[in-house]
Amino acid sequence: GGSEVETYEIAMITDAGDIDDESFNQGTWEGIVAYAEENNISHRYYRPAAVSDADYIATIDLAVSAGAKVVVTPGFLFEVAIYQAQQDHPDVMFILIDGVPHAGDWDGNIGDNTVSILFAEHESGFLAGYAAVHDGYTELGYMGGMAVPAVVRFGVGFVAGALYAANEAGVAISFPNDRYTYLGDFDAKDSHKNEALAWFSLGTEIIFAAAGGAGSSVMSAAEDSGNKMIGVDVDQSSISPTVVTSAMKGLGAAVQQVLAQFYADNFPGGELLIKNASEDGVALPMDTSRFATFSQAQYDSIHGRIASGAVSVPENYTELIAFLNAIGQTTAIVEGTIHP
Amino acid sequence: MKLKTLGSQIVKKVAERPSTISVSASVLAIIAGLFVGFIVMLIINPGQAFAGLRSILFGPFSDMEGGRSLGNTIYYAVPIILTGLSVAFAFRTGLFNIGATGQLTIGAFVAVYIGVNWAFLGPLHWIVAVLGGMLAGAFWGSIPGILKAYRNVHEVVSSIMLNYIAMYTVTMLIKQTIFNATSARALAPETTARLPQWFLGDVFPRSSINIGIFIAMILVVITHIILNKTTFGYELKSVGFNRDASQYAGMSEKRNIILAMAISGGIAGVAGAVMFLVTGRFMSIENHLMAEGFTGIAISLLGLSSPIGVFLAGLFYGALEIGGFYLQRTTNFVPQIIEIIIAVIIYFSALSLFLQKFVANFLSKRLKKEVQISEGSDVL
Amino acid sequence: MAFVIEMLNITKEFPGIKANDDVTLQLKQGEIHALLGENGAGKSTLMSVLFGLYQPEQGIIKVRDKEVVIKNPNDANDLGIGMVHQHFKLVHNFTVTENIVLGYEDTKKGFLQLDNARKRIKELSEQYKLRVDPDALIENISVGQQQRVEILKMLYRDSEILIFDEPTAVLTPQEIQELMKIMKRLVSEGKSIILITHKLNEIKAIADRCTILRKGKYIDTVEVKSTSNEVLAEKMVGRKISFGVEKTPAKPKETILKVEEVSITDYITQKIVVKNVCFEVKRGEILTIAGIEGNGQTELIHGITGLKPLTKGKVILKEQDITALSIRQKSLSGISHIPEDRQKHGLVLEYSLENNLILQNYFTTQFQNRGFFKFDNIRDHAEKLIERFDIRSGKGPLSQVRSMSGGNQQKAIVGREIDRNNDLLIAVQPTRGLDVGAIEFIHKQLIQERDQGKAVLLISLELDEVMNLSDRILVMYEGEIVGEFDPQKTTENELGLYMSGSKRGKQQ
Amino acid sequence: MRELIDLIYFLFPLFIATTVPLSIVALGGLFSERSGVVNIALEGIMIMGGFIGIIAMRALIENTELNLQIIAFIGLFTGATFGMLYALAHAFASITMKSNQIISATALNMFAPAMSVFIARTFWNTSNLNLMGNYTISKVPILGDIPIVGQLFFTNAYLSTYIGIIIFIVATAVLYKTRLGLRIRSCGENPHAADSLGVNIYRVRYIGVLISGALAGMGGVIFVLSFATRFSGSVAGFGFLALAVLIFGQWHPKKIIFAALFFATMRVIADTYSVIPGLNMIVMPREIYRMLPYIATLVVLSFASKRSRAPRAVGEPYDPSKR
């Protein structure tokens, strides 16, 4: 047919956010670009006309009709769409990040032409909380964007890591219920900055902001009040001197790895890949972190313990309570706060 | 010969109608907007500009397998037609409803709430859900109406406030009543509550089209009749144009202001219901005002605030959306390009009075007769 | 004799109508030149062309023998042309001073120097006896004072050519006298004046020459001294006109309207504007309330018709207490009302003429069925009234009322209200701004209503009208009825004394 | 007592930080609407001004060693300039072309975010333009040492606060004490009167709209400097809030400042309830706190609007032949 129209082998579909959301869309896309440019493969991203299963499916169809051999979709919002698409396009490979395909019933069904990648955000959050307390911070706060699964895991892990470190170091830290919140959106604005300023004025020394663009307002608050914050997803140290460290997840690396497998003809179709500490899926950027005392050795040690399973990081409220009970710590945070 | 004169007479009759001129001005605005969009595309990437233009022009026919693109054009148009109609109705009665987005949100919530919880209604389920959305929107719309009628509060400022109040209220209510905690969004309405497709499902099998378009058409006809054929519409417009004279004529200006806002809000509420009583689309708890309400303002004006005009402008908007979507297949343009083009078209349609004069001059010359333009006074 | 202004062969078209068709007007230095014509004849349009508000399609304008193009009022001002518009052009929430200096401001380093202006305005107003408070807000002063502000605007600019578009329509007899004196004085100082008015005796009293327009066309320019009123009127209307209304003595029957001890307090100023007013209007009579503007007549009528709440008292219509009824109910129980402010209350300017003609009864079964309009009936109704009341406009029933001339707007309201055939007709200033032909016609209509057994309550500032039409006269001063008179047994002078508060009698 | 004072010292700068952009933009809207042109494009103009202003500041930071406050000043100036240019489009449509003022403004509101994201993506590959640096003035020399006042106004403040105060004074003076102000006000109330006195309605309205563009453009930059460390194509609805503040303030400069301060105060309190004794004891969904400023504004409005009235001619294109 119309051969003048260019084709693209690797396609990505953005979810509700945009390509530069500094979250899964951007991380995923950067991975694709890195791989594709290195190997000279055509690639592009598509934006659905609206946020709904039908629109996602239409966009996947569009990408396939434009020659996509592998379609990457970031975010759990794609679960139902991929469930459908993996049947409609048996010759196309799908990489679903942060989710597992299902028919709307949460009964996971990963097709032979699909790979699901989940990240252990709770382990990343854990590392951040752990490092912060060992670095001497005793008053911590957590601001998530919205209570979507990945953001919940970051928060739960962060609380667990902080209290675990407090236990280890024998310091008393406070993590009251009102220092754990979801902002309600991912935008930079005065409200978020003011809320962060209020926390700082109440003695909070560091805030972990897993909130996309809203993190920028937390940074601004930290700058104005001479406090610190922790970035998320990617290394954010270059944006502001207030960023002590960032709870990273290796989106790009994971995507590149699976793409490489695809082009090496060993696409791990049907598999669920869990990118955790042991898979180097989550990490803190120790080179650029601004720790006062927390050392590389300490980091390597805790990272090892998590990777080996010696420390099993909780990923939801129930697990968090059990985890804290086991180490003899408590938190005032109530379940309704974590899962509003 | 005779036939020819008859033909030219008809042409003349049509050409002399003010509506002909305003419509052709809108068409000119669209052409001008597309032209500027084309220039923008030429500047960015000359090689693809033509492909881009083609894609935007023929967007609704991009993917005709199963009538998908055409069906989706209509599907996307429906909420915009409805919010446009909501704003237009208020405009015609002298009110600026900048609060359609809030009314839409409240309407959507109530519709989805009914959709999730009242499955016992069986086949009536979706009807009740839509009506629920309408009533909720009407309630929300009547608040600025009441504040204006009794407390002289300017409807623009109260509507802006109520937009945010609606947004937070709905976020809170979703969390408390129909929350899907796993995905941090509202639950899906039951199948019985989703808008049926009827035969449209066979005509456009691969698209998302549903009977929302019929709901929109019914409301277009009803509002057209109310505004143009009834004493009720006469009163509403009178109050909008001249409160003092309406009072003198014994009309209840307070009641009419409130009713106008309630009707406007009710239509926006239906828009909310129609948007979310579908498969695979969920109300979010993200604190964002929904864009459809604001787009409705533009569409209402592009349609010259007349129900039928809004209907056509809404369809056109749907076509642009689809065009923008399929633009991604044929070109490399960043998706924002379509938003830019839409904005440019809206801007040019603002120049319609100028364009009308242009058309009128042209016709006057051709017909050698004075041609009258309607200065759009019934717009505001 | 040198002409200061020559407007030669001016043609100005509006959609559907040639408002000026080959009109010529020549103004001599130092004269008062009247411009006469029926409502809609094109007088205001011609003056707007001279003042740069409209561009003519054809014709030229010469100022002091030099051909000029007047593109906007600025050009007109530069040429020394000033204009008092038919509908005042004042910014309602500005002070008198601000209104006068606007566009001609004195500034120092960009800052307004209002003090100098205020001084100058005080001087001017003393010099010409145009009393106004320079610091009062326009919305708080009377129409007469607003008129003075308009004149002061021209004097402040040292305009040499002054256009007055119907300046007397809204003034009391005393104010009109004053204004004439001022005009005479202005011409004696070498200024030249064009005066538009429908009142022939004003023309007779003050004008030197008079140009007459009819239906947009130039008819004649005459020397006023040597031309009789009858001839003027005939040239203007194109037929003979009878002055003075023929009417038989009234035959009052039972009481239709009874107003008992009505008082009204103004909502904003908290002043008592109507005090304990009592009167009756009977079937078959015309009762007039005379008075100078601002003495509570407006509020009294608003109180009777329901536009304003009463603080005290009762309104009884045909023995039924209607005090507490809604406006609609009052109107339905038998009140027709020609409102004082036609553009504010009487019309929806954006609607077509036919839609305005049903404003008071669109809801009746004549025009609707279950809420749906009967368009044919509406059109018929409009055509009937247009015919009967000679309402002229560009596009008949479909004309937008905003585009109609003031006189025709007024006729539309009068027609609408009379046609409703109610027992009580309240007519507030029904002929304000109308030409003699139209006035004659409306006066006849009012008398005919009376003779058919209606009760007519007339409010008028025009003593002529009051004397000619009334069967009984009440004078209102500062919210009170200060006297009752029989027109046969009183004089304009006596009424004037009561109206100005110099004399007061007892209310019967 | 001590705690209360500390609380005030803490909250006061936040009130000011939110009040300043709201009131500057609302004052901008004031000039436009007082001259007779509705400007609901404030949001779009803020975005455009903010966008270009931030680009300019980034360029200066990268390429020069200028003091941050000077850079901020240039940024504000650039934002104002481009806001003005952008508003020119609105002026052209609504004044010269006599078009519907709401429709052209809506177009501007749609265009700005799309265009800014589009340009940023084209040139920087991202729509998030980060902006390094802390723009607070920790203490103004000398003035900062004045007891109480110094603490409240001259420590931890933004340059924009002082600019805002100057703008307020200048705006009030221009509107009420100058020839331009008199003419602007007359055009918004009765353009026919102004026209008949030789005032050029079109020119005056252009000036009104351009002033609104300058102030809104500057407001966009202030928004970014005050609340974030980067620009990403949004000013979080501040343009619409400023419009609301303008109406709330009944089209009067002083009342606008009060309206902005009231709204900002409610908004800050809603965001910082956790530090406010009493409020932090009440357990309520956070959405209720978030709604507070809007509800409070509605309540106040419904008691304070009895005599509120827009400029009479606002929204109507000037047509000399209309009578």
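Here are some notes:
Each chain carries a letter (A, B, C and D) given by its place in the written order, and its residues are counted from 1.
What we mean here is this: a contact is a pair of C-beta atoms (placed from the backbone, for glycine too) under 8 Å apart; a residue touches a chain by one contact, two chains touch by 3 or more.
Quantities reported herein were computed from a predicted structural model and do not represent experimental measurements.
The chain pair sharing the most C-beta contacts is B-D.
In this assembly, C is the chain whose CA centroid lies farthest from the centroid of subunit B.
If you average the CA atoms of subunit A and of subunit D, the two centres end up 36 Å from each other. A straight line joining the Cα centres of subunit A and subunit C is 76 Å long. Here the spacing of subunit B and subunit C, counted between their Cα centres, is 45 Å. Each of residues 117, 121, 287, 290 in subunit D touches at least two other chains. Each of the following residues of subunit B touches two or more other chains: 171, 175, 287.
Every pair of chains in contact is given here: A-B, A-D, B-C, B-D, C-D.
Contact residues of subunit D toward subunit B in the complex are 40, 89, 93-94, 97-100, 102-104, 106-111, 113-115, 117-118, 121-122, 237, 240-241, 243-244, 247-248, 285, 287-288, 290-291, 294-295, 297-298, 301-303, 305-308, 310, 315, 317, 319. Against subunit D, in their complex, subunit A makes its touches with residues 18-20, 22, 26, 178, 181, 184, 187-195, 197-199, 201-202, 213, 216-217, 219-220, 223-224, 239-240. Of all residues in subunit D, those touching subunit A in their complex are 10, 14, 17-18, 117, 121, 125-128, 130, 132, 134, 136, 156, 223, 226-230, 232, 234, 236, 267-268, 270-275, 280, 286-287, 290. Residue ranges on subunit C touching subunit B, taken from their complex, read 13, 15-16, 305, 307, 326-332, 337, 339, 344-351, 355, 359-360, 362-363, 367-368, 371-373, 400.
The part of subunit A that touches subunit B in the complex is made up of residues 5-6, 16, 44, 46-55, 58-59, 61-62, 65-66, 76-77, 80-81, 104, 106, 146-149, 184-186, 339-340.
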